[in-house]
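Some structures to go through are shown next.
Shared between the two complexes below is chain A, which has chain B as its partner in the first and chain C in the second.
Presenting the complex of A and B:
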């Protein structure tokens, strides 16, 4: 049964599940906005900024749901937290690098996120289901977009192929905390999602292996690497601190004023 | 048909207010003026993305971040549409996107004076929307009447989007005007920074030979001074209504002929900035464009090569 009202325990549990998801999308959108005017051509600039707009919009949808469950407003979730209160994974906070790195990172993340959204859709809370439906519709295009960029670079000559292969390898080393659910575990219990969550890494590895094989790329049996530090627990790479400082710098001038 | 006769017929069409399509015969001079105008317009839209993109990452609310990201995207979109028009006109010269973009980096095409300047605070991000986009609307509304039909049609969409940008800027500016002392000071400083640049924006009092020719061909329909007067007339009351001061002690409107008198901007300094990319941010912004265009040429080449592979597979 799909419900519109949650118990207190469910409310807290759902907030804990959604914050890491919203944080992933927000930070991804923030990093995406750094690419404005810098994509390989104008057409890609338009596509990528449109994806960025979607990412920020998804985060807003989810923060709004969390805010409606009590506590911080959506803006406070973004602007009033200290760096260690952010729960996004390390992959999304990577500084802007080469185009191949962006493509590899986004392809890996979007493949994972589609599976995570499928799982969230099992939570029978009406506002969340409406949001997830909308997000998945847009995400389908994001995944297609980055997957086609992987194909393009693989087929785009020796040097481009080399670059995307190296980027995929580098990205793989950074996904340790992507599948971690630590603080959200009580919520996963409540909605009987533990087993689904535990199965995600294997499902994701199988999907990626399929992609590698279809492109004739070498696939070595891969396991999800151990997270050296865990973004889901608020442990972030050095590169996140300048991002956070920049993001909050204007609002900090008059935190209680209208902007 | 003799060229002289063709030219005569063409000018008759122009004078009768007819619109020219891209497939119509046109004198070389008309084509070249259009390329010059549209290329510069398109590149200015693209270079205009840089001063504002710096503020997307710092935008102080979720709503502002979404709006500013969308605005910068629109500007790139305008640049893309206009460059396609310039590419189409440049076809007889064998010049395409790569060449038109190389021209920016090699200093062969100018971009608007305002995008060579610093935008050091959040208020600048608001004032750019409020005043620069507001100024652009005035220029572009005139171009809606342009004799070149594809340009006029494209401007319809561009002007509609620019008016959203202006409203976005106005909303940012209003929030600052109603804010704390620090926010109001930030706004006042930004207005003081951008006012002289806006006086230059519409060009010299006495128009140059190309601008005069563009009037003859009805590519444009108003003089620089007419546009500037329109801007001053619109913005003086708006800025004063915010409780802000316009930094020009000589600014006044003659009660008889309603003409605004103003202090001239430093024409020589701005000319130097625009013609030789010597503004405080000219080189930094060109470096960003170079990052996109030159450093990522490999991506465009890879996409081209992949396209060939897929085409051969399909064949």
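Presenting the complex of A and C:
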């Protein structure tokens, strides 16, 4: 049964499930904006700007749902938390590097996120289901876009091919915490999501293997690495701190300003 | 004040980038309610991150003044391109933007009417538009993205 009202326990549990998802999208939006004017061509500049706006929109929608469940307002979630209270994974906080790194990272993330959204859709809470439906409509274009970039680079000549293959290998080392859900989160139990959550890494690996094979790339059996530091627990790379400082700075200077 | 009057006034609020296309023809208006002299308008965002939402909210309030109005953005039912009215599709075409395809098939060039077109980029100058190219008249053009 799809409900519009949750119990207290369900509310808190759902907030804990959704915050990392919103944080992933928010941070991606900020990192995406760092490419403005620097993407490989004009079309891509437009595309990445659109994707970035979408990411921030998705984050805002999820923060709004979390805020409606009680506690912090959406603005407080974004502007009043310390860096160690952010729950995004390390992959999304990667600062601007080579274009191939962005393509590899986004392809990996969007593939995962589609599976995660399918899982969130199993939570029978009407406002969340409506939001997930809307977000997936837009996300479909993101995944297609980055998949076609992977194709372009793999098939695009020696240097492009080498760079994307290296980027895809490197990115693998950074996804340890992407699949991590707070183990103590009662929400996964409440909505019977434990099994689905546990199955995501394997499902994702199979999807990636399919992509490699469709491009005629050699596939080596891979194991998702253990997270050395875990973004889902608030452990972040050094590079996150300047970003956090920048995105909270206006709020810091003028706490009462309108947005 | 009647609900009809409110709908008529909402027809004067246009998409900020396509001035001949009203938010009614765009299919953005989910619900209009009058409650003791207070108007409540529920709008469905076309794209979640659309930067024009606040602007549209303001224009709706202006169009309904002096009635006190509350605009809310809702996601109960997600907006899809199928909500665009027949008139809305015509208006898009008049403005030079190909209407969205509700089923797979070639996009018709709004400039010469040819169906020999191909997608150039799914991401155009705004969140809701994609860039196509017409192989017949050899012009780039925009189409509303189907979602």
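Methods note: the second predicted complex is superposed on the first by the 253 of 259 C-alpha atoms of A that agree within 3 Å, B and C clash if a C-alpha of one lies under 4 Å from a C-alpha of the other, contacts with A are read in each partner's own complex, and residues count from 1 in each chain.
In this section, a residue touches a chain if its C-beta (ideal position, glycine included) is under 8 Å from a C-beta of that chain, and two chains touch if they have at least 3 such contacts.
Note that the structure is a prediction, hence the values are computed from the model and not measured.
Under the clash rule set out above, the superposition-derived model of chain A with chain B and chain C shows the two partners fitting side by side. In the superposition on chain A, contact of A:33 is made with chain B only, not with chain C.
With chain A as the common frame, chain A serves as the apex of an angle whose CA-centre rays point to chain B and chain C; its value is 50 degrees, to a multiple of 10. Once the two complexes are laid over each other on the shared chain, residue contacts for A:43 go to chain B and to chain C alike. Between chain B and chain C, the partner in contact with more residues of chain A is B. After overlaying the two complexes on the shared chain, residue contacts for A:203 are found with neither chain B nor chain C.
By the document's definition of touching, of the two partners only chain C reaches A:61; chain B does not. Touch criterion met: A:53 reaches chain B and chain C at once.
In the overlay built on the shared chain, the residue A:11 is in contact with neither chain B nor chain C. Using the contact criterion defined above for the overlaid structures, shared-chain residue A:137 touches chain C, although it does not reach chain B.
Of the two partner chains placed around the shared chain by superposition, neither chain B nor chain C is touched by A:81. Contact with chain B, but none with chain C, is seen for A:99 once the two complexes are overlaid on the shared chain.
Between chain B and chain C in the chain A overlay, the least Cα distance found is 5 Å.
Residue overlap on chain A between its contacts with chain B in one complex and with chain C in the other: 43, 46, 49-50, 53, 56-57, 60. Residues 29-30, 33-34, 36-43, 45-46, 49-50, 52-53, 56-57, 59-60, 63, 74-75, 78-79, 99, 151-157, 159-160, 243, 246-247, 249-251, 253-254, 257-259 of chain A are the ones touching chain B in the complex.
Those residues of chain C that touch chain A in the shared complex are 47-51, 75-80, 120-127, 131, 145, 147.
Considering their complex, residues 43, 46-51, 53-58, 60-61, 126-127, 130-131, 133-135, 137-138, 141, 144-145 of chain A touch chain C.
Chain B contributes residues 46, 49-50, 53, 55-62, 64-66, 69-70, 72-73, 76-77, 79-80, 83, 97, 122, 172, 175-176, 178-180, 182-183, 186, 288-289, 291-292, 296-306, 309-310 to its touches with chain A in the complex.
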